[in-house]
Amino acid sequence: MNQSAWDLFWTSLGPIVQGAILGTIPLALASFAIGITLAIGLALMRLSRRGWVSSIARVYISIVRGTPLLVQLFVIFYGLPSLGIVIDPWPSAVVAFSLNVGGYAAEVIRAAILSVPKGQWEAAYMIGMSHRRALTRIILPQAARVSVPPLSNTFISLVKDTSLASVILVTELFREAQQVAAFSTEFMLLYLEAALVYWVICLALSSVQSILEKRLDRYVAH
Amino acid sequence: MNQSAWDLFWTSLGPIVQGAILGTIPLALASFAIGITLAIGLALMRLSRRGWVSSIARVYISIVRGTPLLVQLFVIFYGLPSLGIVIDPWPSAVVAFSLNVGGYAAEVIRAAILSVPKGQWEAAYMIGMSHRRALTRIILPQAARVSVPPLSNTFISLVKDTSLASVILVTELFREAQQVAAFSTEFMLLYLEAALVYWVICLALSSVQSILEKRLDRYVAH
Amino acid sequence: MSPTEPIEPTGPPDPDAAPAADALLRVRGLQKSFGANQVLQSIDLTVSRGHVLALIGPSGSGKTTILRCLNGLELADGGTIELADELSVDFTTAPGKKQLAALRDRSAMVFQHYNLFPHKTVLENVLEGPVMVQRRPKDEVTAEALALLDRVGLSSKRDSYPFELSGGQQQRVGIVRALALRPKLLLFDEPTSSLDPELVGDVLRLIKELALEGWSMVIVTHELEFAREVATTVAFVDGGRIVEHGDPKQVLRHPKEERTRQFLHRLLFPF
Amino acid sequence: MSPTEPIEPTGPPDPDAAPAADALLRVRGLQKSFGANQVLQSIDLTVSRGHVLALIGPSGSGKTTILRCLNGLELADGGTIELADELSVDFTTAPGKKQLAALRDRSAMVFQHYNLFPHKTVLENVLEGPVMVQRRPKDEVTAEALALLDRVGLSSKRDSYPFELSGGQQQRVGIVRALALRPKLLLFDEPTSSLDPELVGDVLRLIKELALEGWSMVIVTHELEFAREVATTVAFVDGGRIVEHGDPKQVLRHPKEERTRQFLHRLLFPF
Amino acid sequence: SAADSDDTATAGADTSLSAVTDAGVLTVGTEGTYRPFTFHEGGSGALTGYDVEIIEAVAAELGVKVKFEETQWDGIFAGLEAGRFDVIANQVTTTPERVAKYDFSTPYTFSTGVIVVKSDNTSITSFDSLSGKTTAQSLTSNWNTLATESGANVQAVEGWAQSVALVEQGRVDATVNDNLTFLDYQKQTGATGLKVAANTDEKSATSFAFVKGSTALTDAVDGALEKLAAAGTLTSISEKYFGSDVSQ
């Protein structure tokens, strides 16, 4: 890399990292937290004995997973105003990404709940617990451990997907890189630089994942 | 929807479906087939007792999963020529998506291999099989069943991700929609139409998945 | 934990004071199907206070299903269950959740595979029911739980997690968890058949002690020696029916029915 | 399948014709550690042609590890294994893969959890080794396999998948799979301890028949009655050592060592 | 949105101007990644560019503040229709299709299109000679239409930077774009390997786009542009970016 490329790399690192800290990371964290809550609800709906409840959840999940995220963002930001619903860029992005995470994580959580041995439900009922309490105190904590690896994958995908938020006016990591690229026409260099920052974020996430797995492992059956 | 919107919908459906049939679907199928082969190799490397073999695979997987697919496409198509390697759009896309699928599916396959009970390895060794033959005849067929649901997710993601191939000049479903949209400026309508076609493809994939699961279930332990 | 000790939960009545006719559990015509498969044809059972009923029978005959119906884990299709003169559930008209819960509150089950909560310590496993569900004072329950753990030789393991215990230790915790609920009736489903042979003894000895103390129990078991020595009554279950029942020595040594004879023969002279 | 029938694989020698000194298996000073945990201290064993050695002992004492070393599934750290006058493996110098494979070729193992291949039919399970590994003619092996299946009463199940069989049936297929390999030595690791009690008999009877036919075997078992009746020698393993061995009646009825006595007492009088 | 763009339905209630003046803010949709028209100074500095400065001057003339919303081209018309902004300032060329759907101001840029090829390319000399050649075009620009009409085999790319990269790598024969874009690129990079093979005869015009029925706002902007032209403001902005006056 020649001198001017290095200079460009260093001067643009600031804005890109700032985009990550002010845009990408908070957007991903907020959407993930809300999305997981939604996913638990959807997973429980999928497991419901009432056919129509399960069907609603299944159709929702199928649509979210079967259509491009870009279109979902478009519909929420540019489409809803025609129904009189106008949401600002940031909330729109959070809504879109949360709905998306909800759809993907629902199946993960459902599988995790199903992976808890049936005997755990029985023991919980035996000591007198209601369905709801058995779920929250006995089943979900055990399902949590099983879900950590697939949910971290969902989270890593989410971090990268937030780059789409720029189409609905949210400034984040990738948008910053695009701006510099448009100015300098050095799009290759800038995109690589953005990739590097994404990679660092994902590496950090992976270490958090390992720590979490170890902690949850400590007291869960082997 | 008014008349002109309907007209636009119907006239653009042809090109969009054609984009799916000539672009999206063959691209996804080819990349998936090559990617899975690569993924099996990477999964075996990850399981190798030799530390450095495992490390190479781990770093590869981490890079593929930690950086945006868009950047990977750019590097292969626009970046490699500066090293004298010029690859045409279609092969570039297949290479990029295969490498990507390889990284994602490797972890799935690795987990599936680990999920086969240790006793199956022992029984295979006991009857005199080599490691290689035990793997191919005993372990992988059983791992296949476990991998079907997560691998179909990978495939569904791949189908949607192929829309990025348009940045390296490959014409597929989403590009066709964008082209019509660019002339008509009806982005919302066309994107929704594209989403519908993606959804149909994904629904078809899901039914193939169920059939496959049932077939593999028939002779695998419960 | 003898009947006079303070930690004794429900204070089972002195066996001598309880006449044989003082029925704690009375089951009449219990039926249960899974789809087209009628697993329980018509089950009649009586367990008197302080008595022990042992259920024996081949695999798939419905023994576990009987226990699960008694504990309200499974909803029977027909018949009645009467418990302790205070609860009578008629399954011909589908009973409400409340009645199933009432059934569950009065009995406690010990499972073949222990089913301890893996994410909770030994003590937490025992406290979960009395504190979280029954809402009894935590201090009182903790003292009681520790006394029970001490009695089964596991007070030093109070803060261990289940995976740190051997199978025999886990099953003893399972029994303590059941006792801490202060049930009127204890249900055991093959409590030793997942255990290493040398660990079976610890658990059987504990159950025998509880029987001698006057706890009322239903035990599904394949340990014929144990049934003969501990049970008040043995019932042989086959094809969803009670084929034969009576005094353990009579049923196990001189069965009247051919099917019982065959079953016992297979178990006693396997080769 | 008597020694005179054509399908008899290695034609085990007539037990009478084989003098006691005709050792098939000779193990000397076998050692094995997992990390810092020395699981086998120093194991000495001899099995004569046509004889049956039963290994008994508490959980974790190393019984399974002994079998796994004999089958080359585990690489011992020290000691020697000699088999059939034709193979001698010295583990003090790490032996090559070839020697482990040779060990494996001459013995066959029956597992506690059957370990049948779930994606293959019963017949395919049996043929896999002889056809795919030993490269014997498929027709010949199929005829032999069907005869073996017939003998264990499972010829009608040849095209069933393992999950369609009961535990006892699966284990009998496991035994047929081992026999079809024509091993010199059969290894059984608690072959009945995953089975429902009524299904134990079928498997034990089959093993007894094989013993009477003159197959050489090492069996890990907790079925003391069975060991007494079928084994030529019983060895009590504890803490990675053979604490005591000898005639079954002597070891099981009048053990010399205190540890053996304690172990047997726990098993025989559990409560 | 179909109803919104229906002239007669909203004719009696054109609040387009009063909404802006009441709020005191003119909200502008622009890409922010299209140099030299709309881009960030130094890549990450303030938003600037020819279009940006002109719309800022227009807003000043109207006595309102200006607020930019940056979005990708995909979302720009959808954003206008959804009321996310009042006007698009992003080198929007007027075409019959667009005129049917949106209102446009008077043009503020006039420029020629150029065919950019490698310096050693001799086979392309005119728009007619583009026939059968391969060009790289940004899908959404009118230059795409021009190249297509000239018979070129068009490869769609994301923007100017990628088009130029493909020409330089020899993977396409040419790209058609705004003369102004090419001049800016040459000035910035000192690229010597490229040349202009041909110019269009006619100049194309770009205007600000408004949602249909914004007659009052469009008129007000037209008035402002007229005053700015008269005051020489447009010329000076143009000379700042291009060294010549492209505003008329």
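Which chain is which? They are A, B, C, D and E, in the order written, and residues in each are numbered from 1.
Convention: a contact is a pair of C-beta atoms (placed from the backbone, for glycine too) under 8 Å apart; a residue touches a chain by one contact, two chains touch by 3 or more.
Since we're looking at a predicted model, the values are computed, not measured.
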For subunit C and subunit D, chains touching each: none
Farthest chain (mean CA position) relative to subunit D: E
B-D compared against B-E, more contacting pairs: B-D
Inter-chain centre distance, subunit A versus subunit E - centres from mean C-alpha coordinates, in Å: 36
Subunit B and subunit C: spacing of chain centres that average the CA atoms, whole Å: 53
Intercentroid distance (Cα basis), subunit C paired with subunit A, Å: 46
Subunit A, residues touching no fewer than two other chains: 74, 78-79, 187-188
Subunit D: positions in contact with at least two other chains: none
Sequence positions of subunit E contacting 2 or more other chains: 74-75, 78, 81, 162, 165
Interchain contacts, given as pairs of chains that touch: A-B, A-C, A-E, B-D, B-E, C-D
Complex contact set, residues of subunit B against subunit A: 62-63, 65-72, 74-75, 78-79, 82, 107, 111, 149-150, 153, 156-157, 160, 163, 174, 187-188, 191-192, 194-196, 198-199, 201-203, 206
Touch list for subunit A against partner subunit E, complex: 8, 11-12, 14-15, 74, 77-79, 81-82, 86, 166-169, 171, 175-176, 178-185, 187-188
Complex contact set, residues of subunit A against subunit C: 117, 119-120, 122-129, 133, 137-138, 141-142, 218-222
Of subunit C, residues touching subunit D in the complex: 58-59, 196-201, 204-205, 208, 222-223, 226, 229-230, 263, 266-267, 269-271
Touching residues on subunit E, where the partner in the complex is subunit B: 2, 74-75, 77-78, 81, 97-98, 101, 136, 139-140, 144-145, 155-158, 162, 165, 169, 171
